[in-house]
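Chain nomenclature is as follows: A, B, C and D, assigned in order of appearance, with residue numbering initiated at 1 for each chain independently.
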Amino acid sequence: MTLRRRIYLTLEPTEKGGILERIFELLLIIIIILNIVAIVCESIKDFHQEYAHFFHKFEVFSVIFFTIEYVCRVYSIVENKRFEHPVAGRLKFMGTPMAVIDLMAFVPFYLTFLPVDLRFLRIFRLMGLFRMFKVARYMHALSMFKKVLYDRREQLVLSLIFILFILVIISTTMYYVEREAQPDKFTSIPATMWWGITTLTTVGYGDMVPITTLGRFLGGLFAITGVGLLALPAGILSSGFFEMMHRPRSRKCPHCGEQVWGD
Amino acid sequence: MTLRRRIYLTLEPTEKGGILERIFELLLIIIIILNIVAIVCESIKDFHQEYAHFFHKFEVFSVIFFTIEYVCRVYSIVENKRFEHPVAGRLKFMGTPMAVIDLMAFVPFYLTFLPVDLRFLRIFRLMGLFRMFKVARYMHALSMFKKVLYDRREQLVLSLIFILFILVIISTTMYYVEREAQPDKFTSIPATMWWGITTLTTVGYGDMVPITTLGRFLGGLFAITGVGLLALPAGILSSGFFEMMHRPRSRKCPHCGEQVWGD
Amino acid sequence: MTLRRRIYLTLEPTEKGGILERIFELLLIIIIILNIVAIVCESIKDFHQEYAHFFHKFEVFSVIFFTIEYVCRVYSIVENKRFEHPVAGRLKFMGTPMAVIDLMAFVPFYLTFLPVDLRFLRIFRLMGLFRMFKVARYMHALSMFKKVLYDRREQLVLSLIFILFILVIISTTMYYVEREAQPDKFTSIPATMWWGITTLTTVGYGDMVPITTLGRFLGGLFAITGVGLLALPAGILSSGFFEMMHRPRSRKCPHCGEQVWGD
Amino acid sequence: MTLRRRIYLTLEPTEKGGILERIFELLLIIIIILNIVAIVCESIKDFHQEYAHFFHKFEVFSVIFFTIEYVCRVYSIVENKRFEHPVAGRLKFMGTPMAVIDLMAFVPFYLTFLPVDLRFLRIFRLMGLFRMFKVARYMHALSMFKKVLYDRREQLVLSLIFILFILVIISTTMYYVEREAQPDKFTSIPATMWWGITTLTTVGYGDMVPITTLGRFLGGLFAITGVGLLALPAGILSSGFFEMMHRPRSRKCPHCGEQVWGD
């Protein structure tokens, strides 16, 4: 076995991956999780000041690690039938979502060395979040959710459009009803949409609340509507889960020629 | 083919509509969506002041477009078997919900030229919202929702009556319990209903909250009741969706004469 | 037909009730609804002051009407096989829930003439709410809800006990965690339960909110727990509705001797 | 029958337990519930001051009762086949969750006599909560919930990981978006997670709310996402309940050799 094949098999383990593959997979997951923990903890002022040095070291280590990982992936990917061609295959691989996520995990760090405006640096910092998505590669189990979302995509998109449609209507109405009583809060229709979303989703922060009698009457109607609207996607997802778990395989009964439900 | 038939087929395309029909449909949808965007954006002060001229031009264009569209629809509708009669048919068509919506999309604009009180003008402005409903014509896919709502209409109406009944009871009780502690908030039973709705729907803005011990005890009971009440319409809608997606067509088994579930 | 039988049939119409029965039923429902409307409207100060005279007149009329109705019911009930005995049967009838509700609809009014403490008068006033429950007699359609609640009563009671158990645990914990940071809000465990209920039901008024780090961490865990807990009764009710609507009648297949689902 | 066997049968009654066993079971449940009530009531200042003496007496009584119960359980457990060995069997029993809970119900009380820091005493006090869990032994009926949770454990854990993942992403994003506008509220990513949880669970206390336009736009998206996310565990639990209640037993049809649904 060539070294390239060895690397390929380690990075993209098949079902029956050996011990080496498993160890590397675990190592990568741990480093990703530590990166997420680092991003979260670094935002705490006291932590940041005290452990700034340590955080920086871990950052550098992670970036080097992810860079090497990415280079190895691009180098060895030609072992895969789908990306066989030395140049075209590798470019094709680099365009896959997972490869882009892998690239975004370390590129922003290098960009901070460019002589650009400091304000951009902050955005690069935020892009460290992309490291989180690297973990998606290992969440095989999420495939169930993805499948339900995919199966029901049409109805879900329709629900969202429908919810958006209702949102525009109730926000426009509420804007015209409340803007005179609370001109500082219901400043425009998009601003009123914030009220609309918090009401339709039943979050109800309470920072924007109708105070006129008509506004409260309509607000009450909209809140009840919201509960019904939320039942749409919830019902769609529930029935999707149910169907997937209990998918009855219908077969032709060899005796009576009818479809029968069963295993 | 006469011009009238040509117009009719363009405005009311059948399943196998040609390119012209598709282009017109798309154009109409785009203009409607742009109208919705305009209504929303115009409410933002900065936008309104800067682009007032542009908004007005687009308004005039839309009204002319919708007027012509409406006139064409009424002119050509006699091609439809259901509205064959030149006068009675056209009047019958003008009474259909979609035609009324189409009319309301532009009539308010013309009414602003009437020498009426300025306060009414604002209401006409709000009626621009009717343009939004024009899009309903193209949301064929919403038929699934409509069907579930229609199938379950009895149970949904019952749930609403039941929720209203509970709402009156808890609001009346809470009013008598809290009105002495918070006479400025729990001013009357209808005012307390605002609290009742935000609690039953679990929105919970927090602008009206019981503060007495008895009020909080009852409020807690009502909140739990609310969760159960919300489960009623949600359960009804969920089971409605489920049924529609998995509607098992029962057939008579030719062998044993029994009903069997299957395709 | 005796007058007593005539009255009995008018008050307790069977399926094939005649026109007189239907008119009386409708009249009673209208008077009940008007009473509910009166209770609600009377609480609005301006309404109350302006129409005090009218409200009082309607009150007197309603009480007389309900009194006559009640007397007629008790007088004629012996026509019913279940309450045949002139004395024992009538007393038995007066003990049924619907008869008690009918009695409570007018008795409080008469009690206001007793020379009792004025504070009690207010409670009698509140008892006017019992008139609302008179409408329950005519909500035949609510029987579906009652049936689901009855079918699932064991699981629902268990859910409530379980939710109460969790509520005590999270409120006790949160009380000890937050009482030092907010001694004026988290004053005792029962007071903290108000926070617990608004969190578990996701109402979230925001009048009591943990502010310590530990309190917020635990509060977050409890909020997620609450969502899961709410799914218990919601899931139970949903499956109850579903079962009732799609109750598959299993029959023995005369051919193969197996149970087959179908109509 | 030896005394040890007598004690064993009283403490661990089988299905057909006699009157003595039932009385003891009831007595224990009542003492546990009284303990829970005592913990809750003691936290009310007025109650505590007035009945301090009584609460202390009940505390001492409960601890003695629970101590004797525990000693009896450990003494008699060797009658059980699983814990036969006089020493190893008893130690094994003492390691079971229920035995640990029983121990924790009274040990903290004795520890308060140790000459330790007073601050620890408070923690021991809180451990009185463990007495609540003693009731778990008698909630046989909760087994249905446990079963659904167990059946769906994989999907529920996955949902929680998924929700946690989304929570980290939205909190990190919102932190960077809002920290400049509200540096006193959105102080760090973990602090922003409090906002994230209250939004995803639709609790929405309103103590932390985005105020920037971008923050509100993202907040609205996250709120809608949250509703979808909540539908995941809710749908899983609902389908779990449904499956358990309607578990169709598929059998082989002796006639046609196919699986048929039925009883």
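Of note:
Criterion: a contact is a pair of C-beta atoms (placed from the backbone, for glycine too) under 8 Å apart; a residue touches a chain by one contact, two chains touch by 3 or more.
Here the structure is a predicted model, which means the values were calculated and not measured.
Contact tally for B-D versus A-D: the pair with more C-beta pairs in contact is A-D. Different-residue interface: subunit C and subunit D share under half of the residue numbers found at their contact. Just one of B-D, A-B or A-C has an interface built like that of B-C, with over half of its contact pairs in common by residue number: A-B. Subunit B and subunit D have Cα centroids lying 44 Å from one another. Averaged C-alpha coordinates give centres for subunit A and subunit D that are 31 Å from one another. For subunit C, residues touching at least two other chains, in rising order: 190, 198, 202-206, 230, 234, 238, 242, 255-256, 260-261.
Listing the residues of subunit B that touch subunit C in their complex gives 154-155, 158, 161-162, 165, 168-169, 172-173, 175-176, 187-190, 198-199, 202-206, 209, 213, 216, 219-220, 223-224, 226-228, 230-232, 234-236, 238-239, 242-243, 250, 255-261.
Of all the residues in subunit D, the ones that touch subunit B in their complex are 202-206, 238, 261. The touching residues of subunit B, counted against subunit A in their complex, run 36, 39-41, 43-45, 122, 126, 129, 132, 135, 139, 141-142, 144-145, 160, 163, 190, 193-194, 197-198, 201-207, 230, 233-234, 237-238, 240-242, 245-246, 248, 251, 253-256, 260-263.
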